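This report concerns only the one structure given below.
A, B, C and D label the chains in the order they appear, each numbered from 1.
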Amino acid sequence: MDTAQTYFLLTILLPLLGGMFTYTIGGKKGINVAVAAMGGGFVMSLILLLSVIDQPWVIRWKWVPGIELGWNIDTTAAVLMSLVSFISLLVHLFSKHYMFGDKAIDRYYGKLGFFTFSMLGLLASDHFLLLFIFWELVGFSSFLLIGFWFDDIQKAQGARKAFMINRVADAGLLIGVILLVVELDVNFISELKEMPFSPMLQLAGFGLMIGAFGKSAQFPFFGWLPKAMAGPTPVSALIHAATMVAAGVYLLFRTQEILTPDVLAVTAFVGGLTALMAAIAALTQFDIKKVLAYSTISQLGYMVMGVGVGAYESSLFHLWTHAFFKAGLFLTAGAVIHYYHHAHHHCHRFDAQDMRNMGGLRKILPVTFIAFLINGMALSGLPFFSGFLSKEGILSGALIWAVGHGNAVGYLVVVMAFVTAALTPFYIGRQILLVFFGESRTVNKPVEGMEPIFSVKLTLLILAVASIWIFSALNPFDGHGWWLGNLLFDDHVMPDTSHQFLLHVTMALSVILVISGLALSYRKYKPDSAVVLRFKTKQRPKGLLGKLSFNAWYIEDIYEKISDGFLNISKTSFQIDKKIIDRSIDLFGVSTVVFAKAMAIVDREIVDGLVNFAAWVSRTIGNAYTKVHAARVQNQLLWLVLFIIVIVLWLQF
Amino acid sequence: MLTNQLNEILDGLGLLTYELVLAAGALLVLIIGVLSKKIWLSKVAFTLTLLVSLWWMPSISDTIQLFDGSLVLDGLGVVMKWLFSLLAIWIVFFPNSRSHPPEFYFLILSILLGSSLMLSANHLLVVYLVVELTSFSAYILTNFNFKKQSFEAGMKYLIFGGISSALALYGASLIYGFTGTLSFGLMDFELMAQPALLNVGIILFIGAILFKVSVVPFHIWVPATYQESPTDAVLILSVIPKIAGFVLLHRVISLVQIQDTYWLYVLMAVLGSVTVVFGALGAIRQTNLKRLIAYGAISHSGYLLAALLVPFEEGVTAFVWYAIIYAIMNLAIFYFISVWEVNGRKELSDLSGMYISEILLSVLVIIPIIALIGLPPTAGFTAKFYLFTILWNWYQEISDVAILSYLIVLILTVVVSLFLYLKIPFYIFLKEATAPKIDKSKTSQKILATIFSLALLWVFLRPEILNKIAEQINSINW
Amino acid sequence: MINNLLSLMIFLPLFAAAIVGVIPSHMKGAIRWTTLGTMLVELILSLMLFVGFDGSHQAESWADAFQFVEALPWISLKFGSLGALEVNYFVGVDGISMPLIVLSGILLVIGVISSWKITEKVKGYFVLYLILSASLIGCFAALDFFLFYVFFEFMLLPMFFLIGIWGGPRRSYASVKFFLYTLFGSLLILIVMIGLYLSVGNDGVNSFSLIQMMDGSYLPGSLLNPETHFQLWGINIRYLAFGLVLVGFMIKLPAVPFHTWLPDAHVEAPTAISVLLAGVLLKVGGYGLFRIAYSIFPDAAMELAQPVAILGMISIVYGGLVAMAQNDIKKLIAYSSVSHMGFVLLGLAVITLEGISGSLFQMVSHGFISGALFLIVGVLYDRTHDRQIENVSGLASKLPLYTFFVVLFFFGSLGLPGLSGFVGEVLVLMGAIGAESINQLVPRWIGMIAVLGIIISAAYYLWTLQRMFFGTYWVREESWDQEMKEINLREWIMLAPLGILVILLGIFPSVLLDPIENSIQFLVESIINQGKTYLSL
Amino acid sequence: MEITLTYYLMLSAFLLCAGLLIVLIKKNAVFVLLGIELMLNAANLNLVAFSKFDPSLDGQIFAIFSVVVAAAEAAIALAILLNIYKTYKSSDLDDLDTLNY
């Protein structure tokens, strides 16, 4: 076992073993073991990153006769694995505080460990089938985590719906994977190379795309992410902000060589569309976590669009920065919810996540306020923050791609991208103003000492600092200056200078849009504005756009319609099974014992009352025939003579 | 000329020792019955005659014509005589509520005599006489339950028999008229232009044999008679005259060169399949035990008839096997029925939940039931399997649609027959026990029941005895 | 390594049945422990078989493809002119039957443990159970068609009485339906057996041996000989024979048009018998297709590949859809078995390496998973004597350990990777979708629609899981509440090994597939090559 | 005009049908037996008629035997009828209806 293999095994297995230990034996006091194991895992991932930088580590082993699976750790995988381990470590620490006192906390840590294990496995897997295996395991662990508080039926239904939608998308991915492995004999991601165009390749590409859309909550499948908010907040932070959703983008990034141009075009379009739709949906939400969920979907839309337009590095860069500030936003939101939980734990009908009962927290939770503000600005894409760098890279890539393509779809995608760039600062500004500024709408006297304990404050500050631009790139204005970038992509694609002019245009345009967005949101939601004062009792929006936005384009109801349709098909098919197939089989006399009611004759034969059609047929002939044996002998003789006459007559012809 | 005819008869008699012993025995039984009131004496005489008849069975090397062609003795006849006597011995052990009057055993012996003669009858007059002899003793036997219904059954059986024998006589007269002779050997149907009236005559004559063998149009008497006559009589009635009748039917049909006269061949195939189907269908709604088995017997004669349609070399071994196994099956199932009858279980519903009180009998009855259906672990399967193979092989040669449809009907009736025979174990095991009034069966009955059932398993696992019989028949060529 | 291992495995239960028969019926404990002892010995023997099976053996022809072979003459009947009918006791095992024997070894032990609860008529129950196990092992090991047919029929009787006497309220209806469905199937197989017997053999002597049938040593001019091209009602008689055998075994499999007996039989059978019925008896149908339908009539198999694949695909989708509409959990699992056996049929129909190894793997993994699922229903049934899904909810909070097993086996059954269900299904799908480029037998869209099956199975399993286990704890009758105890030691002993096996086979499928790789390779090649030679005749 | 063979055949056929009709229609058991006797005699007539052309006169021997057999049958039939009369108190065939199906 050479060193790389041990490091890899430790990185991937330590979180799992820690989790399993706490789940089975550890119990309450086992949590520290789990957190320590996660810490160890993170350190191992860093060492793995160092040991793998010069040459990637590949291993193959025979899974089933005819199929050989394999791992491949190259720099991209190692970097992302360390990112996932780091964020997972932060969540482990945060959950100690947030989940403190929950009676099933050992089960929670077990599931966290299992999720980290499957996510790391996904990043490291090389063979497409192994990727699919860990892909489904990630879906399964997210089902477990969302449905953690399973005694509340809404949360359990949320988990089921999330898994079902993922499963539907995974079916598409499975077809893609099988086509690749069996038809095109492309087995290993590391060995991907330019392929001549063939309809099979196109179909496989679409399969991969659907799989990525399912996991990264793109247009047809984004319904499950808001549902996933039912899980504990650290889980939403870990899974539904930083890691799991990035899997889709990671897959598209990894298989970019074999994605045909049409597939890329569709990806770009759907990415842009999702970004726009999610941004609009985030405008009118009341639940603090729902706003962040929709913003995640819209940022994912950006990343997918980035891959679609060919700006791979910036989309991966956006994934990196998004992981940090979105995790930071979720954890701070978690702290806010935690505060309201404790402030109001005596009156139970109070919803700790509804922004209508919040306000004026900047004085009560100063550290949380600062962290939320910094992460918010990074999300909105203000210069001097990491968000700006990566988003600007994607926008310029989209513009270059649109100009290069020159067709209407390209320009539509760019328009959608820029409109979303404007909307993002609006809804995050609204959230900051509603939660932290103005007067507190419910709690009249601030509850002292509710500031989260030191370890939580530390995590929030780390994430906030990571969102400053300096942490990601030297020049605050160069979208492609990501210091980690040249580590990841040895053939560092230098932006061709011919588009210098376009780069400047996007930079200027994006800065204007962001600032105008912030100004608009400030004007609408400044502390003493009419809207804020009436916000406490604000009901659902009435207007068409408002309703569309609040109900997130009615995606939930569309899913309900589809699943009800399926249910009806299954009910009718069961009726078919019971009434027709069962009976038609007996029609041919295969089974002589089935359905009684149709045949009204209740009789004393073998199955006390149950007569089937074949039995009925044979009975009627039997009865008719036995009349011949009726009592009167002369009738019997009559039958005899009749028979003989029939035979003799038959003889003549 | 008269003298050589006389001494020809004398040395001919030498070969008929089996029949002579039976006749003498019957008379002996009758006299003992009249002289002493003790019944076991006539029983002893009855078994004695049977044993002696077996001992004196003539052994012949090849077929012999006796009395210038009116009687033909062949290998098949000898084997069948062995079967008849061996089967008849067992009826002494059958339990019945009231012991039979001595005449009962006289009549059984007379049926035995009639059937053995039927095996070798080769002359119209002899056939008529022998068929009448068996029928008359059967008519009387049905009354031996001395109950209201048994008289009625006897009467109906007699009227039915009377009509068919009258028609048969008319047919015989027509055959005699057209062929000019009574003995089968001399009859030559080719030179005649097959006038329609002769065909009618043949059919009417065959009717009498079909009556004995209970094939479709002439089977209507079977359910009532089997239901009402004493069980041991039914055993004899359902096996011995039927098998003898089939041998006779085969002789008559092969005489008319069955393959060339295509219509008789197809008629037999059609009648056979209708018998099988009606036998099975009729049984579905029966509730009386003996009546149920009666319908089963009708459908079994359909199977036996199928064995005859195949040309003699292959056909005969299949026929003999089916006959032997059919005899054993009937012996076993009728013994069970007579044991139950003595304990007061006549209807199917009386059997429900019987396995609680009588575990051994209820488990053992499964074996004859499975044999009657034809499922593997029992001899019934070998019989049917061999029959199907013969028919399929014969179909491969002449690929005639009548044979194929007959084979398919035979196979499908296995499913229907399962449905009817399965009622007995179904009521025994899967129904809750009803009237507790039924008393237990004695150990001697249990021993005999085990012997009969295990015989069926034994024949399946060790079929060598069937091989020996097959060799014996083939050695004495036809 | 005992040489006549197979005969020992077949006749040991019969011998034990005799012993149990002798034990007085009030000594229930003695009867149970002797049966358990026999079954444990059976399990050890089957494991010795697994270990002793030499996977590296490359077979050239069917004659040397089998191991642990024993042959001795059993019945020899002299038919008049037809020559002699000899049936010999000919047993042996190859890569296809060995895993199924190991599967039945394991499930038989678990079946005995789960029938500890049977109280009335214990002796009769265990005697029938032992006879059933003997005929099961015999069926898988038989290499003589007559012997296979005798064991195949021999299985019906014990099952008929086991369901008929110890079953649920409508047991008599279900048992007779089971008996008649399978008997009709076996009659079809009987016809083909006779046909084959009359047309197979060397130098004039007919024989029942499957080896000669598979190697294609037909008598010249016989009916089923591919050269004669005998037409019956206008169809080549070999296709007709293949059709008959296919229908016969599809009734047993069960595949869609002939599956209606399975839900009734399962609902009415006691738990232990359901485990055996789903775990092993369905595999006899699959094994029959492997050994008889596809090995003896390869030309018909290749010609009719597409309709059979479509039937398989319909079973998958239709079985799943109907399962979704059930409100009795046992019926739901029965219909899900129909859907999973559809995968077996589809995998077999495409005749590729992945397809066939996937179909065999699916049979073994379905054996373990559906066995465990019926045990889970049994656990619930022992406590509440009720199987309706909506009568109980929120069990997770009351019985966490039980829920762990339920989640494990539900997700195993719907094909979550890392558990054995996934491996079988993905191999079959790979075979089905890849078949078009490998041997052009089955079009690609059939595999694509079959993928729908994994979505439907996820739907009904999760919906049941949510309705019964999540949400607040509620039980229809109060009397059930104090019954709701965590799973006891006996249930632990049954569920834990199955759980370990499902996970082990999920992560390391090569444990099962490596030893039998050569047999499957040989099967696929022989079907394709022989099929082509027959078609070219 | 000279009586040829066909006349005899016609007569015996007529007798046969008459006997059959009596058997099927008459209710009283005795009449049914009478009908059977009539049919048997029709056959005898036929036999005797045919034996005119056969030098060995087998037909007539056959006829004598069948007369004897018919007598035996009548005896048995009447004995059974006696029993039935004792139990059913009537000789009407339609009353014998206990054995159904």
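Simple rule for what comes next: a contact is a pair of C-beta atoms (placed from the backbone, for glycine too) under 8 Å apart; a residue touches a chain by one contact, two chains touch by 3 or more.
Just so it is clear, the model here is predicted, and its values are computed rather than measured.
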item: Higher-contact pair (C-beta pairs counted), B-C versus B-D; value: B-D
item: Distance from the mean Cα position of subunit C to that of subunit B, given in whole angstrom; value: 44
item: Cα-centroid distance, subunit C relative to subunit D, in whole angstrom; value: 67
item: Subunit B-subunit D separation of Cα centroids, rounded to whole Å; value: 27
item: Centre-of-Cα separation between subunit C and subunit A, whole angstrom; value: 38
item: Subunit C: positions in contact with at least two other chains; value: 172, 176, 180, 184
item: Touching two or more other chains - residue numbers and ranges from subunit A; value: 592, 606, 626, 629, 633, 637
item: Touching two or more other chains - residues of subunit B; value: 155-156, 159, 163, 167, 223-224, 285, 415, 419, 422, 426
item: Chains grouped in pairs wherever the two touch, ordered by label; value: A-B, A-C, A-D, B-C, B-D
item: Subunit B-touching residues of subunit D, taken from the complex the two chains share; value: 9, 12, 16, 19-20, 23, 29, 32-33, 36, 39-40, 42-44, 46-47, 49-51, 53-54, 58-59, 61-62, 65-66, 69, 72-73, 76-77, 80-81, 83-84, 87-88, 93, 96, 98-99, 101
item: Complex contact set, residues of subunit C against subunit A; value: 172-173, 176-177, 180-181, 184, 256-258, 260-261, 318, 321-326, 353-354, 357, 394, 396-397, 411, 416-418, 422-423, 426-427, 429-430, 433-434, 437, 447-448, 451-452, 454-456, 458-460, 462-463, 465-466, 469-473, 509-510, 513-514, 517, 520
item: Residue ranges of subunit A touching subunit B (in the complex, touch as defined); value: 589, 592, 603-606, 615, 618-619, 621-623, 625-626, 628-629, 633, 636-637, 639-640, 643-644, 647-648, 650-652
item: Contact set on subunit B toward subunit A in their complex; value: 155-156, 159-160, 163-164, 167, 196, 199-200, 203-204, 207, 216-218, 220-221, 223-224, 263, 267, 278, 280-285, 287, 349, 415-416, 419, 422-423, 426
item: Of all residues in subunit B, those that touch subunit D in their complex; value: 124-125, 128-129, 132, 136, 139-140, 143, 148-149, 151-156, 158-159, 162-163, 165-167, 169-170, 172-174, 176-177, 180-182, 223-224, 227-228, 285-286
